[in-house]
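Both complexes shown next keep subunit A, but they swap its partner, so subunit B is in the first and subunit C is in the second.
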Partner chain A sequence: MQRIYSSSLQKINQISQKCWKSTSTRVELTQVRYPKLKRGNYSVISDKHISTFEKIIPGRVLTSATDDLESFNTDWLRTARGNSSVVLKPKSTEEVSEILKFCNQERLAVCPQGGNTGLVAGSVPVFDEVILNLSLMRKIESIDTASGVIVCEAGCILEELDNVLREKDLMMPLDLGAKGSCQIGGNVSTNAGGLRLLRYGSMHANTLGLIAVKADGTVVDALNCLKKDNTGYALHHLFVGSEGTLGVVTKVAIQCPRVPQAVSLMFLGLSDFASVMETTQRAKGFLGEILSSCELMDLECADAVVQNMKLKLPLERMPFYMLLETSGSNAAHDEEKLNAFLEAVMNQGLVMDGTVITEPSRLKAVWHLRECIAEALLRDGYVYKYDVTLPAQKFYDLVPFFNDKLKEAGALRCCAFGHLGDGNVHFNVTSTEFSYKLLGLIEPSIYEWTSKHRGSISAEHGIGLKKRDFLKFSKTAEAIEMMRDIKQVMDPNGILNPYKVLPAI
Partner chain B sequence: MQRIYSSSLQKINQISQKCWKSTSTRVELTQVRYPKLKRGNYSVISDKHISTFEKIIPGRVLTSATDDLESFNTDWLRTARGNSSVVLKPKSTEEVSEILKFCNQERLAVCPQGGNTGLVAGSVPVFDEVILNLSLMRKIESIDTASGVIVCEAGCILEELDNVLREKDLMMPLDLGAKGSCQIGGNVSTNAGGLRLLRYGSMHANTLGLIAVKADGTVVDALNCLKKDNTGYALHHLFVGSEGTLGVVTKVAIQCPRVPQAVSLMFLGLSDFASVMETTQRAKGFLGEILSSCELMDLECADAVVQNMKLKLPLERMPFYMLLETSGSNAAHDEEKLNAFLEAVMNQGLVMDGTVITEPSRLKAVWHLRECIAEALLRDGYVYKYDVTLPAQKFYDLVPFFNDKLKEAGALRCCAFGHLGDGNVHFNVTSTEFSYKLLGLIEPSIYEWTSKHRGSISAEHGIGLKKRDFLKFSKTAEAIEMMRDIKQVMDPNGILNPYKVLPAI
Partner chain C sequence: MARVLVGVKRVIDYAVKIRVKPDKSGVVTEGVKHSMNPFDEIAVEEAVRMKEKKLATEVIAVSCGPTQAQETLRTALAMGVDKAIHVEVTGKDLDTLQPIHVSKILAKLAQDEKADLVIVGKQAIDDDCNQTAQMTAALLDWPQGTFASKIEKGDGILTIVREIDGGLETVKVKTPAVLSADLRLNEPRYATLPNIMKAKKKPLKKLTPKDLGVEIKAHQEVVSVEDPPVRQAGSIVPDVDTLAAKLKEGGFA
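Up next, the complex of A and B:
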């Protein structure tokens, strides 16, 4: 492994910058790259359709005749490109309702789109679906400082919400690398996870209610704003994580925690994965209720950040790095707990080196190292991205399982980072450009391996287009059948985000 | 208010014990008490059906011909009684599947039943539904001490699970008064709340996966055991809180927290509700991440506990009592935070008197005062029980709104207790026996009032039979329509727990 790694490291140094620059070239069309995909029996957009859209949302209909729709058609990872000729930008739930009602009548397929930061090609069209872009729905309706509940429209950007909340001593319960452009409607629709799920829970735990528009234009107002509401079926949970295939989320109510009084971050260097595991268990014990994040990055990820993003690590090169964050209500107490933890792991020889950061700007800078891994890897050229949950003891096994054969087949990096505290590993492989050979070496092997070890083939990224045919590795036939039944009753014409989530029949 | 209260206090003292003893008399049949209810077009149980059941679960078919089915037909509150002539006790998911498949073919209505501790008449039949009692499904399949995940059958009793987990330094995330008899399948199916939801979240947050049997006998295995699994629709969330109307939950995977190193309980006496509110806010600020429960009981509740349960309060009689629990990883730190909190609220005159308990057996005894309120009130004779979420500032307003007119109409007590930290109030009215007049004075007025103040008409008890016709006060027409669509696709013949959750058409 070491030999192969060293040689590919040199290769990366030579080519990574060149490749990143070349990504301004067009991404291959999804329908070309995946020739087995067949377009559904939907109508083709016509001038008549466009003029109706213009009546519903005047001045907010973008068409390929007059606008560049490239960025709406291409996913952030630059791995998928649709061929839509129209982007609609509604400003209200009522407009979304009118649009969907019309599309349903006309059998026009629709691709709902938030910040388009998804990693499974779920938020871009596959063929010529109408793009329903929610970015103009950015109103914050209310913030209740007593209960900590924010009500806002789906297009609000996560980081902007967090900034507004912090002025009121509240914060968003989720935080992820894409926070600067991802939208809360997308976060809810994809059940986004992120860096602090360990402490503040998933979108299922934090979304109190929402408004969603069904395929036929029916507005389902399930905008509960109370922490406890046990009145009938958990409708909003059905929209959380359904990736726009059951309805378009237009408004959400999110339970937000208070901003902690004290936040500390540890950046630790470790020599092997056994030490990482033991340190994680120790952290859960010593830091208990104040532990707010427990993250891993391996050396190849760290190298990508240093090389491609021109950033500097706070420690020497080491096989593994951990980021541990604590958030508490008393800085002195937290410090004492941190010191007891550090003493224990250092004395036991689990941690080789480490640094504790409490100064806010430094804290942000060190967090940035972890947050920009995805972008750093993308700058290699092409990224094969996998997001699985595995039992703790298997967390890092994908790297040794795949490394040698992928490097021999031309992979630049084969690395892992992710959320140790939740068992969620991001296994990433990079190459200068897309290669069917590499893809074939990884898939479906990685899903079979994950299924064999009782993991989940998607921990937080969702299914989208890329994983739909592998859903069977995490869901039983009866469960998939139940999904189809629900899809059928919610969207009988199948116009909402087709080709996504549900496997091809 | 005071005058009426004093006179009814005397009355209670005279009659409460007499009434409790008299509850061995039969409860009026639900179909008699609610004459507007019409039996659905289901088959009537026959000897042929019984003999098929005997083949599926030999020796575990109870019939009214040979067994006393009274306790299976009557709810814990003694407010509803069904007239079922058969109770089935399956021991496995496969048996549940065979039973439901047969019932579906034969159009036999089925009432799934756990510990039968529900408070909305959801777990007893309304007419002659077959009772599907899960109490023999009590196997614990696995406990993963590293991840904290327990997998067990639906019939496991909550307290027994907690006891087993505590030997492994884990605990159940939920705790409620009925823990000694309620079953985890029922907890999941009703999205049970309880005393520590504030800290550990709802069943939606803690149920990782489950196995449920659909009306036609299809086994939906959605038994994910991982903290993060984002593969397709959130199927298990659909069963959580659907009260057995969409499927019968037979196995669950629950995320359990570690047992905290230190637990402290404060029992505080306060003179008015404004002080209660302010103390709650102070507790959230000072105690932050270690606050694990924040409960209220008013004086009438406390008196019921003293009079009917022969228990002693740790403080003098005061208008309001609060129970605040902290759970942390460092006893010294927690004590320091507690002291700072107490100093602040005492200095400000918010709290009149208080006691801090850390000794485990005392802690249990003081918790018992809170936990037995429901039983204490029941011993008055009959309880009108309401469980609503309200905005913080309205939390106690139901008592002054209803007290005088209900007392004048014969109510013994009109009181409130509940989960301050979650905005969930239990408003209770007692009388010696059921009275249409009192019921008419409370309903639908209480639901209209709750809806007007943007509350939820069921915070944690669910809808069951009792609240189904009031669902509209918390759910929009479109949301109820979506519920009906889902019910239709999951259970086209409507055999599962009919007359519950969904409003009568």
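Up next, the complex of A and C:
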């Protein structure tokens, strides 16, 4: 028995080595890649600290001495790696409160973490901040089918929440590619956007209330479950989108829509961006109230998906692809609206080809083509990822602006995809490995360009570490000052997610 | 040149969660998303490709079922099939409908339409019967090539590579023949817009089993339909020795 066991262990090791081979090159430490960053005046973790943590959350303190903390320290995009030696996994708001109270007293910096799927290095430490991981806080407290409100802990995974809700004919108001790993606390703290913001609104709109813990351990109970509650300042909104810098969200109340009776997805191929714009306008006209998603991907993105993810597209290679989804309460009515729209755009030569999908099995497969673009690009090696909001006509302009100069400097792909309906484009550049030269050609140029065209330098990904120095391109000096004032009130010792969001002074 | 008859079935979409009816008489189909049986899609794709390679002159799709079966036929038409035949079966007859009846219907249609080839999916994902192709061949007294993962046309014969438990088996059958499509035969195309539009104008004929001289007579009775047993939760053991001991206990080592 022993022999069989060890030889199968060997096989498992061999297989996992093979899987890791492509990703086994360790990500460079953030403090090495960005030498200008200076560690703040925080305490260094000591054995006394560890034993106090052990008393608060026995058995749930991970240290680098006994555990592999690499995945907690490295971001999903493999662009940042912290140097933390402690990961804490609390199970309740009370434990989070005790932990933060202690860290505040001891001036220990803390990095709150959920699913660690953020794209701006906001969920991993920069130096040795204590990682406060909420993955164990997974309880769903209640689902009120009459009002459509779910109350659950911050560590609940988005896809799992959606699955549970669907049993009751409800669904989560947001959907993003990371749904299998991202946690609702993180979604709320980053005001996550996603594929259906167009229809169901942002996290600001859908978060009715929450419980958050301040830096000093005070529990702020703003857990309102009512649609209408005008009783003083809307405190929960302060935490939504603050990326863990004003407090740690531990419980949320989310407004959930009903599951639509009829969902249709159109995958269309177009020859130029002018046609894309015209088709979007037609879609809003013909489909208006049933439109639930309006997405774009260009040919380079499609090629990445085909080459790196080994998937097939429903259509031939074309310069642009649009995904238009409709969600309605009557399949026959929706089919009529869809047919009218499709006839119009085909007859006017706006759309070159396309397909319509209504079967659940096919819907998942075709959405996957769009949702896996991030992963497909990541497999090229290194991704320079940008997320800006631009005026509609300028949605695609970044690609022609940068393409030639970046390809000359060694970039593999220069492409764009994103939430066409929201004016939110994900501009991505890939290379086989990180290059300061390429980075220098893109930043700050892209932010200057965006600012010049009155866009937002971060539509939905947030600021995190990666964009803090460029905040000025989208916020005035006075606005940034006010943000600092609020941070000072909420977290005087600056222990919550330091080095993130606000620019270095 | 060959006229190909393709059988397609409307089944509950495989991504939908199946619910057993409280009275255990069957599964809930009301308001549940249906689509073409995946293996039938592969059969349609193969037939359409034959036509594109000029190995077939005409492809006819057939479906037995309620009015909604016409949606499935429209999908087949949008994939490139030339015309469709809907054999309407509703109500009690629909509950009684079994592969034996479908085979009789397909056999009669194969003769009426002078088909040289009948292709169906190897089995339907709702009943997993895997009987229609075989019975249709027997009724017609035609050779059969089932679980086909490759079809090559020769002069009056077809070379079929079949997926079997032991590996792959190659058989040669004389036409006319009945084939059933297996997973690796091809990857079905998505129906694209111009074809979806064209499909609306393609002929769709409606018949009843009676028109074909087939009686939907019950040969068996469904006693009950139940959920499979709930999967037992696993347990986390503290160390390797305990794991080894438990495996031994369970007879796995």
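Criterion: the second predicted complex is superposed on the first by the 484 of 505 C-alpha atoms of A that agree within 3 Å, B and C clash if a C-alpha of one lies under 4 Å from a C-alpha of the other, contacts with A are read in each partner's own complex, and residues count from 1 in each chain.
Keep in mind that, in the parts below, a residue touches a chain if its C-beta (ideal position, glycine included) is under 8 Å from a C-beta of that chain, and two chains touch if they have at least 3 such contacts.
Computed from a predicted model, the values in this text were never measured in an experiment.
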* To do: Please indicate which partner A:364 is in contact with in the superposed arrangement: first for subunit B, second for subunit C, both, or neither.
  => second
* Asked: Hey, is it subunit B or subunit C that touches more of subunit A?
  -> B
* Is A:480 in contact with subunit B, with subunit C, with both, or with neither (first, second, both, neither)? -> first
* To do: Tell me which partner A:353 touches in the superposition: subunit B (first), subunit C (second), both or neither.
  => second
* Return first, second, both or neither, reflecting whether A:242 touches subunit B, subunit C, both chains, or no partner chain. => first
* With the two structures laid over each other on chain A, which partner does A:220 touch: subunit B (first), subunit C (second), both, or neither? -> first
* To do: For A:286, select first, second, both or neither according to whether it touches subunit B, subunit C, the two together, or no partner.
  => first
* Now for A:45: first (subunit B), second (subunit C), both, or neither, which partner does it touch? -> neither
* In their shared complex, at which residues does subunit A touch subunit C? -> 1-2, 4-5, 267, 312, 314-315, 342-343, 346, 351, 353-364
* Of all residues in subunit C, which touch subunit A in the complex? -> 13-16, 33, 35, 38, 187, 190-194, 196-197, 240, 244, 247-248, 253
* Structure fact -> Within the complex, subunit A is touched by subunit B residues 146-147, 190-191, 193, 197, 201-202, 204-205, 214, 218-222, 224-235, 237-238, 240-242, 246, 258, 260-261, 281, 284-290, 327-330, 333, 336-337, 389, 391-393, 419, 422-424, 454-463, 467, 471, 474-476, 478-483, 485-486, 488-490, 501-502
